[in-house]
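First comes the structure, then the notes that go with it.
Order of writing sets the chain letters: A, B, C and D. Residues in each chain are counted from 1.
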Amino acid sequence: MSANLAAFLYLVSGILFILALRGLSHPTTSRQGNIFGMVGMGIAIVTTLAVARPSAGGLGLIVLGLALGGAVGATIARRIQMTKMPQLVAAFHSLVGLAAVMVAAAALYAPENFGIGTVGAIHAQALVEMSLGVAIGAITFTGSVIAFLKLDGRMSGKPILLPMRHAVNAGLGIALVVLVVMLVATQSHAAFWLIVALSLVLGVLIIVPIGGADMPVVVSMLNSYSGWAAAGIGFTLGNLALIVTGALVGSSGAILSYIMCKGMNRSFLSVILGGFGGESAVAGDDGVERTVKQGSAEDAAYLMANAQKVIIVPGYGMAVAQAQHALREMADKLKGKGVEVKYAIHPVAGRMPGHMNVLLAEAQVPYDEVFELEDINSEFSQADVAYVIGANDVTNPAARDDKSSPIYGMPILEVDKARTCLFVKRSLGSGYAGIDNTLFYKDGTMMLLGDAKKMTEDIVKALDE
Amino acid sequence: METGTVEQALERLERAMAGLRAALEDTQMAEAAGALAHGATGGAIDPFVFRLAIFVLAIFVGYYVVWSVTPALHTPLMSVTNAISSVIVVGALLAVGISASGLATGFGFVALVLAAVNIFGGFLVTSRMLAMYKKKDK
Amino acid sequence: MSANLAAFLYLVSGILFILALRGLSHPTTSRQGNIFGMVGMGIAIVTTLAVARPSAGGLGLIVLGLALGGAVGATIARRIQMTKMPQLVAAFHSLVGLAAVMVAAAALYAPENFGIGTVGAIHAQALVEMSLGVAIGAITFTGSVIAFLKLDGRMSGKPILLPMRHAVNAGLGIALVVLVVMLVATQSHAAFWLIVALSLVLGVLIIVPIGGADMPVVVSMLNSYSGWAAAGIGFTLGNLALIVTGALVGSSGAILSYIMCKGMNRSFLSVILGGFGGESAVAGDDGVERTVKQGSAEDAAYLMANAQKVIIVPGYGMAVAQAQHALREMADKLKGKGVEVKYAIHPVAGRMPGHMNVLLAEAQVPYDEVFELEDINSEFSQADVAYVIGANDVTNPAARDDKSSPIYGMPILEVDKARTCLFVKRSLGSGYAGIDNTLFYKDGTMMLLGDAKKMTEDIVKALDE
Amino acid sequence: METGTVEQALERLERAMAGLRAALEDTQMAEAAGALAHGATGGAIDPFVFRLAIFVLAIFVGYYVVWSVTPALHTPLMSVTNAISSVIVVGALLAVGISASGLATGFGFVALVLAAVNIFGGFLVTSRMLAMYKKKDK
């Protein structure tokens, strides 16, 4: 295949990736977009094969590798529960990081294959790019593994604050720079593997002090970094598909981190510095005695059956309890009784962007019943019932009213404007931000304490009676 | 090879420069000066500049395209960017395809398997998710 | 200057042009954007000078040319009336077209300067690109001149339908292709000038059958074409600034044409085929006797002074009458009396996109009192008075209700939902689309027949009493 | 010069192809095959491909950037695109700057004056318009 044709095809595949993301601007075009993405990947692979023209043995290995990886990937994709998406993305992400490390290692041992020199005489520019790529890849790998463990609950979500961590990290960073210089000067393989080792350690150290709930921001951040790293490799290989993809992935990660930080009203730096947001915090107990109106599933069923308009506000607790199917059943029952039902989604409800939307979609809630904050916030004042299920921070009026609150300024869903506000959660404890919610003690609020799924199922039963 | 091209480019540029100097002294040598003009506007540019242009424009496109993603599809966005970021497989294919040192092939093979997990896993889980988004049937 | 540095600087200037358009996403950033554009142009010019290193005489000529053109341009920019913007854009546009023709001619006579060969031995690819460029440039030139004459009223806006025009145009097109082939084969200068001549004629022939009111679509279309032509020249010269700018201008023209056609509910083809929309059409007189309630300035002043909310709907007639200043004065008076005043702008009100917004801005109406159709349409039902000044088509309920109407499906401002609808125009005649407006005969409508400026000034006087 | 580069590129490509053929027969010649791999991924690409990439990406950027212009500023958009479309002045400068045939200089000069009218007129009238857009003072 001619070099020009190959470059052109890589460009085509980059453009197909752009169209893949573009498709996501609306659910109806999204499936087509995904297909564009697959075709783009296919073109990139076939083009590379046509260029590299592998030997029969090489081709065998390639087919084997693709089949092996493909089978594993397909199985995971088919089996995974939708509530586990945050973990899955983190896990997949760690694989990309490790793959980048492996590609860099292969380039070190067979630079001729990549046209960057010969063993022991690799071009300096390529070595610098390579070591940057490998460092970011390794950090992404261990960082994403930790993020996965925290998100999956296999490791405590509590921030682990090591003593002197900033000094240690800075020291590691300096050591890395020294090693890169050494690598370029001596072409020593030892220096390369030391870079890998230190970066792996650094990945762990950077992520452990960050609380479990902050992991989505971290995952997005790592995603963004790995995009820039891919673009860097694209420069080395002169590959347009990699350059374009790198820029896309880099932008996407950066924008999603920005959206999350803005939604949480925190600076990106404060997230990265860590020490915030561990396990669900303890009940806010500040000594003042406050009364709470508690209700039963029957009370809730009665209230909603007699309402004209119910707005459902799902949050992280719905995901934990896997309550989305029961919720949809409840909504169907209410609609059957002539009640108007809508869903209101806060931009940072749950633990990753769009988290609630996927779960509701999984439970077959039509996307045109699901509204974003700006589109529905004005409707709460006309609603009879706001059914808040497993959400907490995103409804906390402190963000609106209390200037001293750490979440002051974050936009909230104004459920307190509804006639009655039903709160489904297991306790009076706080949510991700660890801040007491004064709504629990308000007049119009009725607490439905219990597991979100169990409680919703009970309401469905009560509606039947 | 890279540096070879650059060197050639620089050489050609130098020749053009010499031409310009001559042209300044003798206006009859316009052809040489023209060679410079074109040299500077198209003849002998380091591919790096082009790649930089492509990179910068792709960042603009990325910025706009990601902001235009509807928030309801932010989770699929994360999984699909994950999937496309495995174009790094291109590097793995080069390592495995052209067999050289045994170690490099080994590393390449591992990279290939990992990237393949991502490619298939990422696109399939995305399409599984996207298939769930349905409109109200009327 | 090194070739790489030059290419890089051209890239920078292309990016500054992108930022210039990006700034227009909001009035507050738009001025900064315009400055980016100027800087980008400066960089492109300086870079070219540094590359071409002109002789002292050449530099003198360049400074002279820039000074001469700059003085003329600056004077026009300072003197022109805001209501004349459509004409001005068309006129400026014709200059770009002529400049492109001249550049191509210069390239033909001194190809060495452009590095595309020598006289009599110009590369074939460059000749093809050049002749395409020159043809589009020439068509843009005469086309824009006609558009200017029609928009400025120096030529009748009536579509001039020549017999057999489609056949003639097709013939000219074929002749052009033959000439391009000849030019490439023989390098004959005569062929080049014949291409220029035929293209100039074609430009006239394409535009004269199109009605005066359709000119803005035509101007945008020519703008788009000239963008693609500039990108083509950019490919020949290998100039990144030209390639990027060409793509920007091309997209911009295409999108604006699309917006206009969609707003008018017509296909682009039907606009280009021409024969639609001449001078303001005659009064709709279909024999049926219908009663019209006519009012005076005093009636209007009384109604509005006692209203709570007035929505002003400006249209092309406001531009014709230059009534924007009087209008603003009227609004101030009303606001002084405690009346809430808002402006509603239809996407295709007036004769070019954003036409009404510029005029209102000129009269110092703050842009946050000016609303787009989607944002204000729901408010008409709460308004006491809709003050429709020189607008007609954009309020015509036929677009909403009458499936047989040619404008059926075009979105309209629902002024008929307001309690009272005041119509300021000179007659019961129709507007651009030549369709009778049934609103004139409705109960809640009061016609204020007269010149828009005069009538509004009278209302201001009446408000004072 | 353009074709010169292309010819050189083709030549280099052919050499790489020969290398590949040799490599297929003798796996010890991996270096040559590597040269091809890099040739195809970066070494010897016609600048046209890069320009095409830049053009296509710029169209994407143009599409997004123009749609994000607020309708209230569509008239300034028209005048500013008019102004920036006079980068064609670059061609006029090349014609006038390097004096060659008298005719070409003449044409170039006319083009220069016309473009200058547009540059100054376009940007100034745009800034005059934009200066008028004001917020409500509170």
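Keep in mind that, in the parts below, a contact is a pair of C-beta atoms (placed from the backbone, for glycine too) under 8 Å apart; a residue touches a chain by one contact, two chains touch by 3 or more.
Protein names from UniProt, one per chain: A, C = NAD(P) transhydrogenase subunit beta; B, D = proton-translocating NAD(P)(+) transhydrogenase.
As the structure is a prediction and not an experimental result, all values here were calculated from the model.
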| note | Counting C-beta pairs in contact for B-C and for A-B, the higher total belongs to A-B
| said: Can you tell me which pair among A-B, C-D or B-C shares over half of its residue-numbered contact pairs with A-D? | reply: B-C
| message | Distance between chain B and chain C based on Cα centroids, please, to the nearest Å. | response | 38
| Centroid spacing, where centroids are CA-atom means, of chain C and chain D in whole angstrom | 26
| query | Whole-Å distance, chain A centre to chain C centre, using C-alpha means? | reply | 45
| query | Where does chain B touch two or more other chains at once, residue-wise? | reply | 1-2, 27, 30, 33-35, 37-39, 42-45, 47-48, 50-51, 53-54, 57-58, 60-61, 65, 68, 94, 98-100
| Residue list for chain C, restricted to those that touch at least two other chains | 14, 18, 52-53, 55, 110, 112-116, 237-240, 244
| note | The residues of chain D that touch chain B in their complex are 1-2, 4-5, 8, 12, 23, 27, 30, 33-35, 37-39, 42-45, 47, 50-51, 53-54, 57-58, 60-61, 64-65, 68, 94, 98-100
| task | Show which residues of chain A lie in contact with chain B when the two form their complex. | result | 13-14, 17-18, 20-22, 24-28, 30-31, 33-34, 37-38, 40-41, 44-45, 48-49, 52-55, 57-59, 61-62, 65-74, 76-78, 80, 82, 85, 88-89, 92-93, 95-96, 98-100, 102-103, 105-110, 112-115, 119, 123, 219-220, 223, 226-227, 230-231, 233-235, 237-253, 255-256, 259, 345, 347, 352-355, 357-358, 361-362, 364, 366-370, 372
| Touch list for chain D against partner chain C, complex | 1-3, 47-48, 51, 54-55, 58-59, 61-63, 65-101, 103-105, 107-137
| remark: Residue positions on chain B within touch of chain C in the complex are 9, 13, 20, 24, 27, 30-31, 33-46, 48-50, 52-53, 56-57, 60
| said: Considering only the defined contacts, which chain C positions touch chain B in the complex? | reply: 1-4, 6-8, 10-11, 14-15, 18, 51-53, 55, 110-116, 118, 237-240, 244
